[in-house]
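Chains here go by letter, A, B, C, D, E and F, matching the order in which they are written, and residues are numbered from 1 within each.
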Amino acid sequence: MTTLHTLNRSPADTQLFKQLLSTIRVGDTLLLLEDAVYYCIKNNLNRTIQDIEVFALKDDVHARGIPFEGSDVKLASYEEYVRLTERTDKLINWY
Amino acid sequence: MTTLHTLNRSPADTQLFKQLLSTIRVGDTLLLLEDAVYYCIKNNLNRTIQDIEVFALKDDVHARGIPFEGSDVKLASYEEYVRLTERTDKLINWY
Amino acid sequence: MTLKLSILVLGSPYNSQAAYSALRYTQAAISLGHEVYRVFFYQDGVHTSTRLSAPPQDEFNIYEAWQSLQKEHSLDFVTCIAAAARRGVLNDTESKRHNLPAANLAEGFDLSGLGQLVEANSVSDRLVTFGA
Amino acid sequence: MTLKLSILVLGSPYNSQAAYSALRYTQAAISLGHEVYRVFFYQDGVHTSTRLSAPPQDEFNIYEAWQSLQKEHSLDFVTCIAAAARRGVLNDTESKRHNLPAANLAEGFDLSGLGQLVEANSVSDRLVTFGA
Amino acid sequence: MTIELDEISNEDTAIESKFDLLIVLQQAPYSSASANEALDLALAAGTFEQKVALLFIEDGVYQLMSEQAPDALQQKSLEKMINALSFYGVSMLAVESHSLFERDLHPEKHIIQGVHFELLNTKSIQDLYDRSKTIIRF
Amino acid sequence: MTIELDEISNEDTAIESKFDLLIVLQQAPYSSASANEALDLALAAGTFEQKVALLFIEDGVYQLMSEQAPDALQQKSLEKMINALSFYGVSMLAVESHSLFERDLHPEKHIIQGVHFELLNTKSIQDLYDRSKTIIRF
């Protein structure tokens, strides 16, 4: 069973991220949206959560002016968010 | 010049507390209200902020069922909150 | 694979991005051919369903956008009746029942109980929550 | 020493304790003989000024409590006109201006601009803020 | 309060059952309506005969403090609602043990009695998520 | 962006002046109206000839990111409002340096240009609080 996790809080909310980390598993997918797209600046998410495919919502990234060259995170549109919902067996929204 | 600081977030909001700590000075007063009254459980505030008089809003403490025997923090009513406003030169509300 | 989706909105416009993100997700789901079974507005999300808002002309109108989406696709929009009454969102029936002078629930939204959220969850493939 | 106090409410009832704590503080300040120059409602705090709420009978009615306090002491309550229009709180004038079918601002509250907050700050000894 | 540290219970409400809905309560009570509205949803789901689990985690564990006196703030008691849950068929109340520990809360000393809670560690919570169709966080 | 690390400027907007109002911006933009409504207040206070200072701190420093394109979310540009501040007489824009550092943000690389910010450390911020009659946090 695979789970799509979405996260919408900035890296400043360390407690929420800790809860997500203790729940996410190899094979799951993580989508960063709203203020969670600020995780893309430091670009070290893939060291923290290995073997998890990470996406960031494109419009949230662009709106906030986040530099994105060379990032390991993939950009996703809202349509791709829906497709990720399809592709996975369940969903947990972390907010 | 003395300042009355009020704090209304629970100890889980470490960033807010950090901001308050970097601003509060000897002679200032701290009033814990709303979810900040949970600081009274661990009862180690007086080690973190020495030489600061700490109050907790009584009705917030009672509503939340916080054990209070032997605490170094003093209970204050809303009237006493107003009197603390009088007694100090300025006010910073941390929320 | 076509999914049956329900959407839960928990945050108010302006205090969170919940109502906006949920709008964009719902639009995308419909454009991809999925069934949106119900959109449920709870907690401060009930403020999305007012008809008395007046954002500046040069700003995006989140309320109108939701109302148009409902109309265009005949979607089932339910605002929690208890959460709304507490927060000042009433339809004609509720307004009269409480002897209040006016109503402010937008057209296309129904006031109903939490059973509608529970039922939506039980029949949908996913409940997608937009929190504050 | 008698203080001239102004109060700023930034959080909505039910989503924060701001409106409640501000109410209790304002009551206490008045009972101790201080002057409450103005109470200003901004951001989601504007929801405190609706007249269309209907909390359950057995629950405390925060809206009525503010309205009674205003009436009893003829206090100056100002709700930010721009923040309120965005969030669905309008008086008769604003409602007509925007061609909307009803108004929901409670009696005793005035819709006005941020200048009222700025002025309150400049003439008051303290501005006490209740945030969310 | 009965604490069973990750033991498997034999009841119908067993720790290994599947849930239609897991409600996660992570906010302190009284500063907002979050706790009340989450419990309202739990009661509604129980009434509609859905299998419901509750997880108290992070600041949400403060909702379980004994000796709450919310009339000081003109609010209603959460304890009554929590006591009512089992009558409405809510089958499992779980508490994350680390959240209690971090907050210096001791089940025997600080937590309401007479209600059965499962005390879960991180691994058991991952299992609880797996066994729940839908998760809503309050 | 001109960064002056705790230097004292000679202008009327000097770092040592007193302020009627200090507006603290500590939230990221676009996820709520907080940044917009804080800046609206700053403009209003400037219009009424009050001495106003702004402090960007914690997630509030994200409001200063260059290359924001909020039309992607059908929202208006904050940058225009920030540029307008000096025309409305807002006398000081301060940024807490540690908040930038913690977020891997470099003034030359990530922050909007053409606006004068004072980069302050903790000590200078304490002074800024001292010199402000009223502090409102957004």
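Note that in this section a contact is a pair of C-beta atoms (placed from the backbone, for glycine too) under 8 Å apart; a residue touches a chain by one contact, two chains touch by 3 or more.
Model, not experiment: these values are computed from the prediction.
> Please report the minimal path length, in steps, between chain D and chain F on the chain touch graph.
1
> Consider the two chain pairs A-E and B-D; indicate the one with the greater count of contacting C-beta pairs.
Between B-D and A-E, the larger count of C-beta pairs in contact belongs to B-D.
> Same residues or different residues where chain C meets chain D? The copies count as same if more than half of the interface numbers are shared.
same
> Using mean CA coordinates as chain centres, what's the chain B-chain F distance in Å?
Each chain reduced to its C-alpha mean, chain B and chain F end up 28 Å apart.
> For chain D versus chain E, what separation do you get between their C-alpha means, in angstrom?
So the centroids are 35 Å from each other.
> I need the residues of chain A touching at least two other chains; which ones are they?
Each of 8, 12, 15, 34, 59, 90, 93, 95 in chain A touches at least two other chains.
> Check each residue of chain C and list the ones that touch at least two other chains.
Answer for chain C, listing residues that touch two or more other chains: 14-15, 17, 43, 59, 82-83, 86, 126-127, 129, 131-132.
> Listing for chain E: what residues touch at least two other chains?
Residue numbers touching two or more other chains: 30-31, 33, 58, 73, 75, 133-134, 137.
> Applying the document's contact rule, which stretches of chain F touch chain D when the two form their complex?
Residue list for chain F touching chain D: 20-21, 33-34, 37, 40-41, 44-45, 47-48, 50, 133-134, 136-137.
> Across the complex, what residues on chain C touch chain D?
12-15, 43-44, 47, 50-56, 59, 63, 82-83, 85-90, 94-95, 98, 100-104, 132
> Can you tell me which positions in chain A touch chain F when the two form their complex?
The contact residues of chain A facing chain F are 8, 10-12, 34-35, 38, 41-42, 58-60, 62-67.
> Would you pull the chain F residues touching chain B in the complex into a rising list?
26, 57-58, 122, 125-126, 129-130, 133-135, 137
> Okay, in this complex, where on chain F does chain A touch?
28-31, 58-59, 62, 65-73, 75, 103-105, 109-110
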